[in-house]
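In the two complexes below, chain A is the common chain; its partner is chain B in one and chain C in the other.
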Partner chain A sequence: MSDGDIREAAQGGTGDAAAGGAAAEEITRQVTEFLTAALRKPVQPDDDYFALGLADSLFALELVTFVESRFSLTVEVEDLDLDSFRTANRITRFVLRKTGSPEFTETQ
Partner chain B sequence: MTSRVAENGAFPVAVRSAAWHMPGQSVAVPDLPEFASMDEAERGTCLALGVESVRADDGLSSSDLAERAAREALGKEGVDARDLGALIVVESRAPETLLSSEATKLQHSLGADRALTFTVGGLGCVSITPALLAARGLMCADPALGDVLVVHGSKPAAAGRYRHPVTVNGDGGQALLLSRTGPVRLLGMAQETNGDYWDLFHVKYRDLPTGQWREECGDLSAYSFRLAMETRSRVSGLIGGLLESHGLKPGDVRGYVSQNLSMAGFTFSEESLGIELMPVCRDNLRQYGHLGPNDVFLNLYTAIERKELVEGDRAVLINVSPVAAWSVLLAEIGPQETAS
Partner chain C sequence: MNGGRSAPGGREAGRGTTGAAGAAGSAAASSPVAAAARLAAELVPHAARWDREGALPAEARKEVAAAGLLAPDLPGRYGGLGASPAELGEICAHLGGVCSALRGLVTVQSMVAAALNRWGTREQRARWLPQLASGELIAGFAATEDAAGSALAEVGTRVEDAGDGGHVTVTGRKKWITFGQDAHVLLVLGKDRGRPSAVLVETDREGVSREPVGGQLGMRAAQIAHVGMDAVRVPRANLVAPAGLGLSHVAAAALDHGRFTVAWGCVGMAEACVADAAAHAAARVQGDEALAGHQAVRSLLARAAVETAGARELALRAARFRAEAAPGAVTETIVAKYAAAAAAASASRDAVQVLGSAGCEPDSRAGRHFRDAKVMEIIEGAQQVAEQHIAEQLLRRSGTPRPEAGARQAEAS
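Showing the complex of A and B:
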């Protein structure tokens, strides 16, 4: 799945998928809002802030802590694939996977 | 000399005396030779580390630094090097020569002729922990063994002292004289490693003049994200396990010290572990920079000297290395007079 596919997968789907799509959009909105505040610059859903050199370990800690607390999940050592956290859309996908969202399982 | 076994079954080791040798010459970070050749981003990161200056003496090798610290540690207790049971040298970052032995060089220069002598290392600043584990193992295996001296001379491997984006390396020697009793008891030690990161930082040296040696990070994103977050899990688990194995709760720990890398590094440790590091860490970072395996005991003893840790207090010493290795040590402060 490409970074932009999450919202697309949710559009025009079944009732569950549509509900999941709305949830995905809300997750992405919350994550981009956090990123924009944390990095003090506008961040778009597909911006790779690691590639842009905007991230350090303190930012990584803030980001993971935010994801854990906001979405009530635990990021385990085996979850620490940078590709899951490079962009807001990828974080959304990660959150959907960790929380067992039906929208995520339908679009695998 | 009799051996004792701690209540939890672990064999106790104590630091009978500790000493450091810091060169008299210091260099302010903006005056480092490599500073002028850094790009703007590197310069900004370097200045934000929180290191104001480091001790630096090109005339002293790692062995020289270790030897001076060793002589002081032995002298404090009036111990003759010939009576040492073992001499454990934490390897230097870059040996002066290949094939030769820095361990037996120190054995010879100190006159520790009867000491079982060898080197440990391979884990960056965490290498102090396998040295202590080896010492504890020897003391456990042989109740008649004399004191064990653990020494390290910290000097950067590369020509430059700045390791982007991590720290600035200083010069300094450390010696810990370990015995079965002493004013600082090491109640517990725990260590974990993950070889996925074995080459994350490296210095290429073959066929290169020393002036071109650089401490390089192969993957900054892996360092700042994956390793950082794994460190949160690893160290948190190690501390929890160590305290639990000794029947302790977080409230039973008077203070935490870590290795000195940067102010942001301290903040990361504090926020990720939910702890507060003792102020000595930031103070020592500011004036000495990073001293590799020597940082945690320097911080511990600075806190004792300042009476920020007193008899009966327990402290946790946290070490992290990007090779990657993590260790925690549990220390208990005893009476600060010499133990027989």
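Showing the complex of A and C:
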């Protein structure tokens, strides 16, 4: 699946739960791939890499820039809490909410 | 919806092109840079005196502000010029070639502005940014402490609930604050119940005390101060980003921006040193021969010129990454700052050598840059800290996971 497909799916172009699920899976895959490379540790979708002490002082900034650039969104201060970026799965929920995927709009 | 806001990696130009500020910035393509060049030419005769007297006169600061150069990359709606990263860089190179304190003024003002633009609320941006762009307020960045330099997570400054629901108190002692002697507001890094927190502290509040620093190695005109805060009450509206994110997000965004402007300031310093050394070598005749006739002198000039040109290209590369808000922008900025600080240090050293006694005179620009360049190798991330990060990035690309702690021990035994 290309980046363009994900954005389309994430932005709810179909409104189809199956497509939303596929988008979620693909977002999680990309985020996990980034985290694994950046932290030089295999990172699972539910791993709290901050708690595991894997992140250095510049990592948060790199992660925000990655998420914004890869998923074409803007992280605002209102989006920041310690938890939204704690695991790959949480980042996926954040991306889906931010890009307006219908099934996630009111959750999390 | 977010036109022109600056990302940690710097999205100034990337998004700016979609907004009014960006349009203004591109229409006036080189005008902020041209303004900086004019200002630099006008101010260059005064820099040695500022250094000697240990202050950048208020008139000089006003001129920088009047030209819109204090935080030139802010979007137009906040009173900025919407300058692109490359334009911001060239501005800092012009000012840095004249005086590090002058460039330092832009560095601190624009780094605090960038952090607020990135992580301030809509209300905070509307309240603070226009005053920072205009120079009505001068900002300082207060992170370093006695026991927290490169390791900023160790800051001991406390941000505590004042118990009235509307305020916090800030208590601690911050060191080496550029323009701390008369900054109106400080972006302070502290801890709220152990969580890194960022808060704006106006310096006219009760409990703020300042201790001017003078006679330090370099940046002598930067009106550096150590600042004490004794239970200073500030409104909760001055807290920037939620507690816990003061270092990883707010201070990190400020420092990332600071590294970029310092890198370009260093490019300007190195270029000025190369120019001064070449001019002297060409004109100075000893015996029957110009200094430039000696191979050893030509070698010094050549090495300094190449290192300086390399630093400029890396700074331009960082500017491109920032303009695209590309994920590598943070690292490319570190690479640029590392290379440019090294180039400024070696070009200034060689320039003093070529200039000889002229380089040692009290008013020598190369001599002043020589002292300041050493400081550049320390501020906004010491060279050795930068190397750690650059090497780590390289190791990431290898794709090999880091060894487990147990595995490391096994290897060592």
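Going forward, the second predicted complex is superposed on the first by the 89 of 108 C-alpha atoms of A that agree within 3 Å, B and C clash if a C-alpha of one lies under 4 Å from a C-alpha of the other, contacts with A are read in each partner's own complex, and residues count from 1 in each chain.
The definition used in the following text is that a residue touches a chain if its C-beta (ideal position, glycine included) is under 8 Å from a C-beta of that chain, and two chains touch if they have at least 3 such contacts.
Values in this document were obtained by computation on a predicted structure and should not be read as measured data.
Asker: Using the superposition on chain A described above, determine whether A:D56 touches chain B (first), chain C (second), both, or neither.
Answerer: both
Asker: More residues of chain A in touch with chain C or with chain B?
Answerer: C
Asker: After lining up the shared chain so the two structures overlap, which partner does A:F66 touch, if you call chain B first and chain C second: first, second, both or neither?
Answerer: The second partner, chain C, only.
Asker: Just checking: does A:K41 make contact with chain B only, chain C only, both, or neither of them? Give me first, second, both or neither.
Answerer: second
Asker: Just checking: does A:A22 make contact with chain B only, chain C only, both, or neither of them? Give me first, second, both or neither.
Answerer: A:A22: touches no partner chain.
Asker: Both chain B and chain C touch chain A; at which residues?
Answerer: Looking at chain A, the two contact sets intersect at 56-61, 64-65, 76-77, 80-82.
Asker: Help me check something: in the complex, which residues belonging to chain A touch chain B?
Answerer: Residues of chain A touching chain B: 50-51, 53, 55-61, 64-65, 75-77, 80-82, 85.
Asker: For the complex, which residues does chain B have touching chain A?
Answerer: Answer in residue numbers: 41, 165, 221-226, 228-230, 232-234, 264-265, 267-268, 271-272.
Asker: For the complex, give me every residue of chain A touching chain C.
Answerer: 37-38, 40-42, 56-62, 64-66, 68-70, 74, 76-78, 80-82
Asker: Using the touch definition from the top, list the residues of chain C that touch chain A in their complex.
Answerer: Of all residues in chain C, those touching chain A are 1-2, 5, 7-9, 11, 119-121, 152-153, 241-242, 244-245, 247-249, 252-253, 256, 325-327, 329-331, 389, 392, 395-396, 399-402.
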